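In order of appearance the chains are A, B and C, and numbering begins at 1 in each one.
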Amino acid sequence: MPETHDPPTTLLADGGEGHGDPPAAPPGERHGRARRGSRPRRSFSERYAHYFFLAPWFAGLFLITLGPLLASVYLSFTKYNLINAPEWTGLENYRRMFGDARFYHALKVTFIYVGVSVPLQLALALALAVVLDRGIRGLALYRSVYYLPSLLGASVAVAVLWRQMFGTDGLVNGLLGHVGLHDLPGWVSDPRFALGSLIVLNVWTFGAPMVIFLAGLRQIPRTYYEAAALDGAGRIRRFTRITLPLLSPIVFFNLVLQLIHAFQSFTQAFIVSGGEGGPADSTLFYTLYIYQKGFGSFDMGYAAALAWVLVLIVAALTAINFFASKFWVFYGDE
Amino acid sequence: MATSSVTARRSRSRSRRPRVLAHAGLILFGIVMLYPLIWMLAGSFKHTSDIFSHPGLFAKSYTTKNYADGWTANGTSFGRYIVNSLIVVTGAIAGNLLACSAAAYAFARLEFRGKKMWFALMLGTIMLPIHVVIVPQYILFSKLGWLNTYLPLIVPKLLATDAFFVFLMVQFIRSLPRDLDEAARIDGCGHFGIFFRIILPLSKPALATTAIFTFIWTWNDFFHQLVFLTDPKMYTVPVALRTFVDATSQTPWGPVFAMSIVSLAPVFGFFLAGQRYLVRGIATTGFK
Amino acid sequence: MFHKPRGVRRGGRRLRVFAVPLALALALSACGGGSGSDGKIHLTMTWWGSDTRHATTKKLIALYEKSHPNIVISPTYTGWDDYWDRLATTVAGGNTPDIIQQDFRYVHEYADRGALADLKRFIPSVINDSELDKSAMSTGRLDGRTYAIPTGVNAFALVVNPTLVKQAGVPLPDDKTWSWDDFVNTAAKITQATKGAVHGTEDMGYYDGGLQVFARQHGEDLFTPDGKPGMSVQTLTEWFNLIVKMRDTKAEPSASVTHETWSGGIDQSLLATNKGASSFWWTNQLSALSADSKASLELRRMPGESQAAKPGTFLKPAMFWSLSARSKHPEEAAQFVNFLINDPEAARLQLSDRGLPINTRLRDQITGQLSPADKKSATFVKEITPELAPPPALPPKGAGDVEKILSRINEEVLFNRVSVPKAVQEYIDQVKSATS
C-alpha cells in the first residue's frame, strides 16, 4: 500500500516552513536519535517533521493563546476596573483572598461538585458505553437518545426546564407525591439540595464522555475478544483483562478533561441560579465567583488572581493524575 | 464437541432474558433522557402565557404560531442566524480536524526536545477560566481589526488552540499499535505517509468525535459569539436566541422554545449523520 | 501591555488548506459593520430589551436615517443579563458605542471612569430640554455634569390582581392611608383564606426598589447625596423584620418558592402565573405582568406613605441615554438622542416601552394610544405625581453590586441562615466595601 515517494514529504522540503519559527525549540535531532536510535536513516524532512505537524499549534499558541494568558497574569497583580488602565498593586489581590470568606466558600462548593459529579458521570458514561458496545440492537438509537441532553447545553430553556423538574411544585415532587411523599423541598431552590441538583444535571449530560468511550471501545480489535473467548474468559474477565487496559488511555483522557472542565463549570450554575450562585450562595461555583468579581464588581484584577489560583490547583491535580497514570494507563505504542 | 454445544445452547437461553431486560432498562432510561426534549417540544406549541402557568407537558390549547413568530422576529429571518452559525461551525470543524490531528500526531508519535514541556503548556492553556482572558482577547482581536467578523471564532481553531481535541487525538493515536507505523516505515513511508495513510484512516472514530463535538460546542458557544459579534446581521443562533430573553420585560417564551427546537435540528442531524463514523474503527475496517 | 500580533512567516502550498475558510470568513466580514468610507457619518448604538423593543428601536433608526440621509446608525442589542458583560468588554477594548442605553445603577460606574460624555454643552442647543421633566432630568447629573438623559419615568408601586383578592374575600385597605402592617396583614389573610393556593404577596427584598421607598419614608435613602451608604441600623432592622414577618405569617411563599420565582424573572413571578394576589413592581412592568396573567391588574400606592414624614415614592428614570466620551461624532449622536426623546413620531412608536416619556407634552399626547395596561400605569403615575418627593441623586459606583448584596443577604434571612442583627451588619459592611 505505501509508496516509496511521499508527496507531502517533498512538499515540506520545498516549503521549509517552521524551522525559522523563533518560538520553537532548537532542533531536536540528537535528542530524537537518542530515543529512537534504532532507525536506520532519517532524512532532513523526517528530522524536522514535528515542526510541520506543530506549526499551526505553535502559531496559535504564540499569536492567540499566550498573549491574553500572560495579560491575565499581569492583570492579577493590578487593580483593573475594565475601563481605566490597570494599576500595579503587587500581591495585594492574592493577599486579599486570605480574608475573603466567599473565596473559601466557592472553593468548597467547587471541590464538592467536582469530587462527586466527575466519578459519577464517568462511571455512568463507561457503563452505558460498554453496554451499548455489545452489539445491541438499536445501538445508534440509544446512543442518540442518551446524547440528547448534552445537545441542549447552555440553552436558555434548560433553566426553565430544571426548575420545572426539580422545583417545589416540580415534576419530581409530583411523582414522589403519588407514592405518598409530601411537603418535599424545592430541590433547586433549597440551599441544602441545590448543589446536589446541579450535580444531577451534570451527570445527566454524560453524553460526551460516553461517545468518547464508545469511540475508544471501537478501536479495540475484535480479534482480542475472540481470542479471549476461545481461552474461555468470562465477561467480567474480558472486561478487566482486555477492555479496561486497552481503553485506559481513553479513561485517562476523560478523567483529566472532565476534571479540568468540572473545575471550570460555569454555565449550568449560571443559568439555573440566574447568575448569582444561589440560593444563599449554595451553588457559588468558583468560576461564577470569578465572573461576578470581574464583570459584576468591575474588579478584573482580583478576578484574574482568583483564576490563577484555580489554574494552580487544577494543574497540580492534573500533574498528580499524569504521575498516577504511569501505573494504570496502557498505551499501544509501548 | 458435544459438551461445547450444550454450553453454547445454555448460555444462549440464559442470555435471552437479560437481553430483554437490558432493552427494557435502556428504554426506560431513554425516556428519562428524552423528557427534556419532549417537554421543550410541547412548550414550543404552547401559548407563551401557558408555559409557566401550565408547566407540565399539557396545556389547554396548542398553536403553531410560535414557529412563524420566532422565525421572523426582530425583522430578520432566523434562517440568517442559522447560516451564520453554520459558517462559524464549518470553519471550526475544518480547523480542529486538520490542525489538532497534526499537532496530536507530533505529540503522540514524534520525539523532539521539550515535548513534555510543550504538552504541559498545551494542557495548561485550557485551565484558565474564559472570563479573565476574554477582555485581553477582545483587545487583541480589536487591534487586529477582527471584531464583527467570524475570524476570532474560526482562526483560533485553525491554529489548534482547542487543546481538548489535541489531547483527545493524542490518546487515540497512542492507543494504536506502533507495529503499524513500523510496518509502513519498512515499506518506505515517511511521517507524512504514516500520518495520512495509517493514522488518519484508523482514527476515524476520533475524527468523527472531534467533528461532532466541535459542531455542538461551537453551535452552543455563547459568550465568545456575544462579545465578538455586535452587528445583528452577524448574530449566530445562541446570540440571537438570547436577544429574546430579557428578565426586565416580557420574554416571548413560546417563540424562544420554538426557535430552540429549530436550532437543535442541525446539531442533532449532524450527530445522527456523524455517529456512524464513530463505529468505524479498527474493529470494522478489517485490520488484522 | 497585551501581546502584540507578530507577522507569521508563512510559506508553502499546504497553507492553502487553511486559507479557504479564512478567505471565506474575511469575505463575509466585508458585509458586516462599516467604516466611514462612504462619506456618511456612522454611529453605533446599543440597548437591552426584549423583541418588541428591538423591533421598535430599529424602526426608530430607520425613521431617523430616512430624514438624515448622511447618518448611518448600526445597532447592537441583547437581553438585560448579557448586556452588561458585553458593554464592559467593548468599553475595555476601546470600542464604546456612541449611544448607550444606561441604567440608574451603572451611570456613575461608567461616568466616573471617563467612559461617558458630558452632555451639558448640547443642552439646550442640540437637546431641547424645555418640555422635559425637570426633576427627572436632575437624576442624570453628577458633579455638575450631565452624563445621562432619562428616556422616561416610572414609579415603584404595588401591582394587585383584584380578581384573586375578591375571590379570597379579603377587603383591600385604602392605599392612601395604609401602613406596612396593614399591607402585611392583608396579604397574610389572603394566603390564609385561599389555604395557600394564592399567596397574598411576593417577597420584596431581592430588589432595592422597596427598600429604597422604605428608607425614604424614614428620612434616609440607600445612599447619601454624596454617595455614601445611607441607611441606619434601625431602619434596616425594621426592614428585615418586616421581611421575616411576611415569611412567617405566610403573606409570601416559602423561601424556596421565593427563590424559584425570583430567579425566573418577571414571566415566572407569582402575579404572572396567577399564584399571587399582589407584588411590588415598577409601573412600566404592568403590561408584561398583565399579558402573562391575562388578568386585569391594577396599581396601588406603596404602604406607609401617609405615616411617613416624607413620601418615599419618586419618579425614577426607567433608563437613560448616554453618549460615549470617545465618540467621533458627539454632536450627531446628541441630535439622535434629541430625536428619541423630543420627536412626536418617535414617541408614538416607543409609547411607554422605555418608561412614560420624559417629554411631558408627549407623555400626555401618547396616553390615548397606549394599551389598556400601559394606560393604567400612565393614569396612575399622573395621579400620584403631585404627592411625590424629588428623586434621589445618582447612586455611587458599586451600586450594581449593592443590589446583589441585598439579594444575597435577603436570601440568607429568608432561609434563616443569619439573624436579623447579623444581616443588618453584613449589609452595612458589604455595601461600605462595595462603594468605597
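To be clear about the criterion, a contact is a pair of C-beta atoms (placed from the backbone, for glycine too) under 8 Å apart; a residue touches a chain by one contact, two chains touch by 3 or more.
Each chain and its UniProt protein: A = Sugar ABC transporter permease; C = Extracellular solute-binding protein.
What you see is a predicted model; the values in this text were computed from it and never measured.
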| item | value |
| --- | --- |
| Centroid comparison with chain A (C-alpha atoms), farthest chain | C |
| Two chains sharing the most C-beta contacts | A-B |
| Separation of chain B from chain C, taking each centre as the mean of its C-alpha atoms, in whole Å | 37 |
| Interchain centroid distance [CA atoms averaged], chain A/chain B, Å | 14 |
| Residues of chain B whose C-beta touches two or more other chains | 98-99, 135-136, 139-140, 155, 158, 242, 245, 247, 253 |
| Chain C, residues touching no fewer than two other chains | 2-5, 18, 81, 85, 89, 92, 264-265, 268 |
| Per-residue multi-chain contacts in chain A, two or more chains | 8, 11-12, 56, 59, 63, 67-68, 71, 82, 160, 169, 274, 295, 300 |
| In the complex, chain A residues that touch chain C | 8, 11-12, 14-17, 20-21, 56, 59, 62-63, 66-68, 70-71, 74, 81-86, 159-160, 163, 167-169, 185-186, 188-191, 272-276, 278-281, 292, 295-298, 300 |
| Interface residues, chain A side, partner chain B - complex | 1-4, 6-9, 11-12, 25-28, 31-32, 35-36, 39, 43, 45-46, 49-50, 52-57, 59-61, 63-65, 67-69, 71-72, 75, 82, 131-132, 136-140, 142-158, 160-161, 164-165, 169, 171, 204, 208, 211-212, 214-216, 218-223, 246, 249-250, 252-253, 256-257, 260, 263-264, 266, 274, 287, 290-291, 294-295, 300, 303-304, 307-308, 310-311, 314-315, 318, 331-334 |
| Chain C to chain B touching residues, read off their complex | 2-5, 17-18, 20-22, 24-26, 28-29, 31-33, 44, 46, 48-55, 58, 74-82, 85-86, 89-90, 92-95, 264-268, 272-274, 285, 287-288, 291-294 |
| Contact set on chain B toward chain C in their complex | 48-49, 52-53, 73-75, 87, 90-91, 94-95, 98-99, 134-136, 138-140, 142-144, 146-151, 154-155, 158, 223, 226-227, 230-234, 239, 242-253, 255 |
| Interface residues, chain B side, partner chain A - complex | 19, 22-23, 26, 29-30, 33-37, 39-40, 43, 51, 55-56, 98-99, 102-103, 105-106, 108-114, 118, 121-133, 135-137, 139-140, 155-156, 158-161, 164, 166-168, 171-172, 174-178, 184-185, 187-193, 195-197, 202, 205-206, 208-209, 212-213, 216-217, 220, 222, 238, 241-242, 245, 247, 253, 256-257, 260, 264, 267-268, 271-272, 275-276, 278-284, 287-288 |
